[in-house]
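Common to both upcoming complexes is subunit A, partnered first by subunit B, then by subunit C.
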Partner chain A sequence: MSEPIDPRPATDAETPSSPSPSPPAGRWSGGGGGGSALLHILELLPALVPLAIIVIVLVAMVGTTRGVPFSVLDFLGSSWLVQPPGVAGSSYGVSTFIVGSLVTSLPALLLAMLIALGVAIASVVYLPRIATRFLDPFVDLLAGIPSIVFGLWAFIILRPYFQQSLTPWMAANLGFLPGFAGPVSPTGLGIPITVFILTLMILPISTLLIRDTLRAVPRELWESGLALGATRWEVTRRVSLRYGSRGISSAALLGFSRAIGEAVAVSFLIGGATNFPTNVYSTTNTLSALIIENLDSSFVNPQEFAALAEVGILLTAITLTVNIIARRFVMQLGVHETVV
Partner chain B sequence: MAPVGLADLAQARRRFARWNLGFDRYIGYLLPLLFIVAIVPILDMVYWLGAEALPTMTWATLTTGGPTQPLGLFPAIAGTVWIMVIALALAVTLGLFGGIATAEFLSERSAAWVRMTANTLAGMPAIIIGMMGFVVFVLYFGWGLVLIAGAVTTAFFMTPYVFRAADLAFSSVPRTIREAALGAGARPIDYILRVARPIVTPQILNGIFLALGLGIGETATVIVTVQPSALAPTGPFSYASYLTYVIYAEYTSPLPADVTLAFQAAFLLLMIVIVINIIVRIVAWRYQTRLAGLFV
Partner chain C sequence: MSSPSGTNSGGIGPSENLSRRSGGGRRGPMMTAAGVGVVIVVAIIAVVAGWAVGYYTAPSSSNNKNAVTITETGSSLLYPLMASYWAPNYTKLAGTPIALSTASTGSGTGQSYAEAGLVDIGASDAYLSNASATNLVNIPVAISSQLVFYNLPGVTAHLNINGTVLGMIYNGNITNWNDPMIQAANPGVALPNAAIVPLARSDGSGDTFLITSYMYMAWAGWATHGYSTAKLSGTLNSKIQYANGNAGLVTLAAGTPNSITYIGNSYRAASIAKGLVAAALGNSNANTAAGGVNPNNYLLWSSANVSQDANLALTRLNYASYGLALSLIMGGSPYGPTTLHAGGGGTAPTAAYPSPYPDVNLEYTLIKATGSAQGPSHQYYVVQFLYWALGVGNQPVYLSPLGFLPLTSNVVALTYQTLQTVQVSS
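Up next, the complex of A and B:
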């Protein structure tokens, strides 16, 4: 007696790591004949919607900068000074903000990747299924929390703690490290609290990606490692992490692009100063926070507006490059393409 | 160096093996503790936002508001609803059509390219899309800083998530069903509306809910395109307040009552997002759909 064939795939919401479904054979348009050329074009057009939006974004930003003189040297200078229109002496150098973006995103990325690796390994390798089903949704919930809520929570609840306890403690005890001594920000705003919040923002996405990468390691590899007498940690370290190294790299890159692009929470916490960061605690500004703070008010000043558009182009270029590299990695790995 | 005998080697091996097993066991206890880093902030946020927002929140807070009653959230809630309805309608239309077209009508090679564009769009910072919205809708189209500019900008931000969900859902329909429909003589529209619809609906609904959650909480797309007003919006071309604006404007206010208002708006947002998340999980569990492709 044969079992009835159930055509529905046995997908499990917890293990989305099966290989990519094969494309349905016989695409409708390959059937030959039937339908005008116009209909065929109309069928395909909606697929171009994302591309169209990207093109509109790029055209909008490049179009805003046309007609305004642009000098690379000025742009990469380090002073951002906006004079009212007609008054000379404005300069639009963004190197301070590039440094600000990097000095907030990179430490956050490092911390988030370490924690994400730990959490993902704990979830995939060590914890029993019941615990995983209960704890994983919490981490994924963190991904959906609006960034402004993060910013508010950090500004009101965390900032006093940073201001009165954490940064003075760091300055007193870690002062021997380069950059850790020196005047602490009196308001508690600045780089440390921004790095903390950015870490929390990168964490859930990275954890999800690394978790799925680790789950995609074939069972045979895992079990043969155990059969040879290795401990779970040894198999993880030597087999899973190496097998999943591309997925982990792409998780890092995507987290980085998320951190660099974060505007609202950073604008709450970074202090909004235009000075170059002098030590680990200083207030400064980042590229995306700069845009969101100044865009509406800059409309009356075409030079400043064009400069902000240039900052936007720079930010887009960075994000696009990082994203494309990240997805190149993933496509080579062959992880279910839609995971990323 | 003293000659190492076989006994020493064996003893060293035994010692290492014991250490190895111990390390494995204790790191198995240690790593799960890192979950605390992820869970404590959520709990802390819920607790603190609740503690600050709930004591003074009444039904009046949610239903009144305006220039004469500055401590009400109704204009902001109404503005958010207006923006989200328009944005959701646009995003679902664009995303659904695009996703279905990609999954059904494109060759596999072209589909790969289109999926890359969708993923790229999903990775763009919201502030960049906001800037695009400002330049295109507020300035170039000449709408001014009105609600519909913010709504369309947010729609552009939300589209790739619906797109991806639709694409995933239709790609996951089993070949046997698809080929059976083809063999029975179904036209594409018949296949989509009658055969595939029951199978893809849960996953597409999940994608829509997810996009909704992202859109409601997104500040950067609306703050540069919409001028806030103290009254509830009267139409798509009016100025409007919205929940995230309340937070943005009031968080540095010296008046504690204003800060409390910001907390109340944040609490509302947080609750909406948590509820959406729970709904998405329940739908995924009930209908066994994949969650992985949607969150990222």
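Up next, the complex of A and C:
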């Protein structure tokens, strides 16, 4: 495989940029042999930074929870009741928040991945170069919009539309599907608007990653597919997407992490009820929104603060677990190697 | 030392890459468009930032270079008063080399930061019941109050609602507007057969502290939910929906027919402007079956009614035992302020009082009693500011626009007494 090439015919001459050679060690250390070993250690350090951050965060959060024990069974239950410090009877059940996190982030991930694949394929395979050059920056810009802006916009502008038009329409026309019959949320807050905003928020990063993954498909693969008589779509589906499966799954993982970790916009839109959802319009709450909503009061309530720290650990654990499982899954598929 | 410059002159440095890139004509049009966009964005940011910096530094422009900065953080209810009225006017005083840095972070943050000595003043909607244990003193600075608003199409009358009914609505015992209990308190009002949509704060809030205190003292059924600034918790009415901040609640209530919510005094005008109607709240006598149907036990919000409650409750202040820690909720109630908080102030009333507007609270600042983080000489300036806030700053010209009321003279006197115990040196 050679350099990554855009599968479309180039409109004008473009000299492929030669890979920049790594600088010789002597340039930095003055040629001494000991400097090379030092350099290797220095090179290793940045690689350890992410691991170190994860360890530090987890240790800090676990440390916060020490000395303030509460029942593990409570933690897995569904009753979230915070009593003032010194008053008995608090229970910190988070199962409703786990369910709330999953029913908002998974549909958002699914929707965002479908749209992102479409946008990326259109951008890389079908659209003329002039159009992509104009349109691509907008995806980049979308990625830069702060989540609080999304949240406010949805709360003020979109919510009445969800309240008065979209959710009543869904209940009337999709009511035959399980969970779609209603009743709808009277305020317009709830799962649908949260899923919509999370989709918008993870769409840009997913699109960017998938687009770059598809662009990195070697030209030989693409051209040999076409030479065999396959259409552009067939090559995209059977070659590009399989070749790029690792990049695409990375896009999905990043999207999921962002969706499940989003706190502010979600707390604006989810409705905040500590209930299991009863239908697709329900208000519920998520793990990350729970933390941000209760942070202030937990500053004067050590037990609640410890409970929130455990929620943070749980959230981290869910994201890491999904990440590890997905990585193993992709590796076992081995599609990358079989295609190449 | 010489190697970096030697590397650059070697010719493979970044300078060549730069020149190659800018020399390439292919990217010209797009680079231009992007460049124009960047220039516009930067210009907008510069203008806005310049305006903001100018706005915020203007009041302190007369200060000398060695200005003392008093830091405050906490209650979002008190924040507009601190940031928009007190800070600018105090720092404008001739010869006051003091800057006031304010932040709206929530009462819990205010309490914990004051405790940890991270700020000079922690603002809180609830008094700190164990203040002396953490070397803090409660200094009340203003009287706040709260209203219950609803959006009920076709009903423009001020409905009579007491703490029991409110508690039952949030707890889920009353779910419909034409519930017999609501109807009994409001004879002659045609209540719709519509499900109630209770709205509450999703963030920690002094307003939640007020409403939960009110429901807690009015109705035994609320006991398990407690009273605090925290978001409502426990098994509640599943119809409750939550929004961020008073502004979020006003927006959500105005857009949601059949909703009911609680709004702090500083958003009273905004709520009325949006078409919400305020309830007449039941006093302590309204929580019995007979009292609940007596219209005389329901009061509308007014400055006079709020002052009356504060005056009444403050006569019960047990300064010797509890300092200035006191809840004004249902101040005239036979349930009494003592029942609310362990360690809270107040003497038990001996007789049933005529009870004024019930949903009233003292706004507190918390400062170190001894040994400020920045030393006693710094604490001198903090105390000086609070003297000003309790005197000049407590006039209606500062308080009224936000719906706060001045402290009564007896509590001001006790607050001065408390301030004198704070260790300072000038």
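In this section, the second predicted complex is superposed on the first by the 261 of 340 C-alpha atoms of A that agree within 3 Å, B and C clash if a C-alpha of one lies under 4 Å from a C-alpha of the other, contacts with A are read in each partner's own complex, and residues count from 1 in each chain.
Quick note on the criterion: contacts are C-beta pairs under 8 Å (C-beta built on N, C-alpha and C of every residue); 3 or more make two chains touch, one makes a residue touch a chain.
Everything numeric here is computed off the predicted structure, so don't read it as measured data.
**Q** May I ask you to decide whether A:Pro160 touches subunit B, subunit C, both, or neither, giving the answer as first, second, both or neither?
**A** second
**Q** A:Gln83 contacts which: subunit B (first), subunit C (second), both, neither?
**A** second
**Q** Does subunit B (first) or subunit C (second) touch A:Glu293, or do both, or does neither?
**A** A:Glu293 contacts subunit C only, not subunit B.
**Q** Quick check on the superposed pair: does A:Ala172 touch subunit B, subunit C, both, or neither? Answer first, second, both or neither.
**A** Neither partner.
**Q** Is A:Phe268 touching the first partner subunit B, the second partner subunit C, both, or neither of them?
**A** After superposing on A, A:Phe268 lies in contact with both subunit B and subunit C.
**Q** Would you check which partner chain A:Thr207 touches, where first means subunit B only, second means subunit C only, and both and neither mean what they say?
**A** Only subunit B is touched by A:Thr207; subunit C is not.
**Q** Looking at A:Ala227 after the superposition, I want to know if it touches subunit B, subunit C, both of them or none. Which is it: first, second, both, neither?
**A** Touch partners of A:Ala227: none, neither subunit B nor subunit C.
**Q** Who does A:Gly63 touch here: subunit B (first), subunit C (second), both, or neither?
**A** first
**Q** Looking at the overlay, what does A:Leu51 touch: subunit B (first), subunit C (second), both, or neither?
**A** first
**Q** Intersection of subunit A residues contacting subunit B with those contacting subunit C?
**A** In subunit A, residues 12, 27-28, 137, 155-156, 268, 295-296, 299 are touched by subunit B and also by subunit C.
**Q** Can you tell me which positions in subunit A touch subunit C when the two form their complex?
**A** Within the complex, subunit A touches subunit C at residues 12, 14, 27-28, 30, 79-84, 86-87, 89, 133, 137, 155-156, 159-160, 163, 185-189, 267-268, 271-275, 283, 289, 293-301, 304.
**Q** Within the complex, which stretch of subunit A touches subunit B?
**A** 7-13, 16-17, 21-29, 31, 43-51, 53-54, 56-57, 60-61, 63-64, 115, 118-119, 121-122, 125-127, 131, 135, 137-153, 155-157, 200, 203-205, 207-209, 212, 231-234, 254, 257-258, 260-264, 268, 288, 291-292, 295-296, 299, 308-309, 312, 315-316, 319-320, 323-324, 327, 336-340
**Q** In the complex of these two chains, what residues of subunit B are touching subunit A?
**A** Residues in contact with subunit A: 20-21, 23-24, 27-28, 31-32, 34-35, 37-39, 41-42, 44-45, 48-49, 52, 94-95, 97-98, 100-102, 104-108, 110-112, 114-121, 123-132, 134-136, 139-140, 145, 156, 159-160, 163-164, 167-168, 171-179, 182, 188, 199, 210, 213-214, 216-220, 223-224, 244, 247-248, 251, 259, 262-263, 266, 269-270, 273-274, 276-277, 281, 284-285, 288-293, 295-296.
**Q** Applying the document's contact rule, which stretches of subunit C touch subunit A when the two form their complex?
**A** Its residues touching subunit A are 3, 7, 26, 30, 34, 105-109, 111-113, 195, 197, 199-200, 202-204, 224-231, 233-236, 238-244, 248, 251-252, 255-259, 342.
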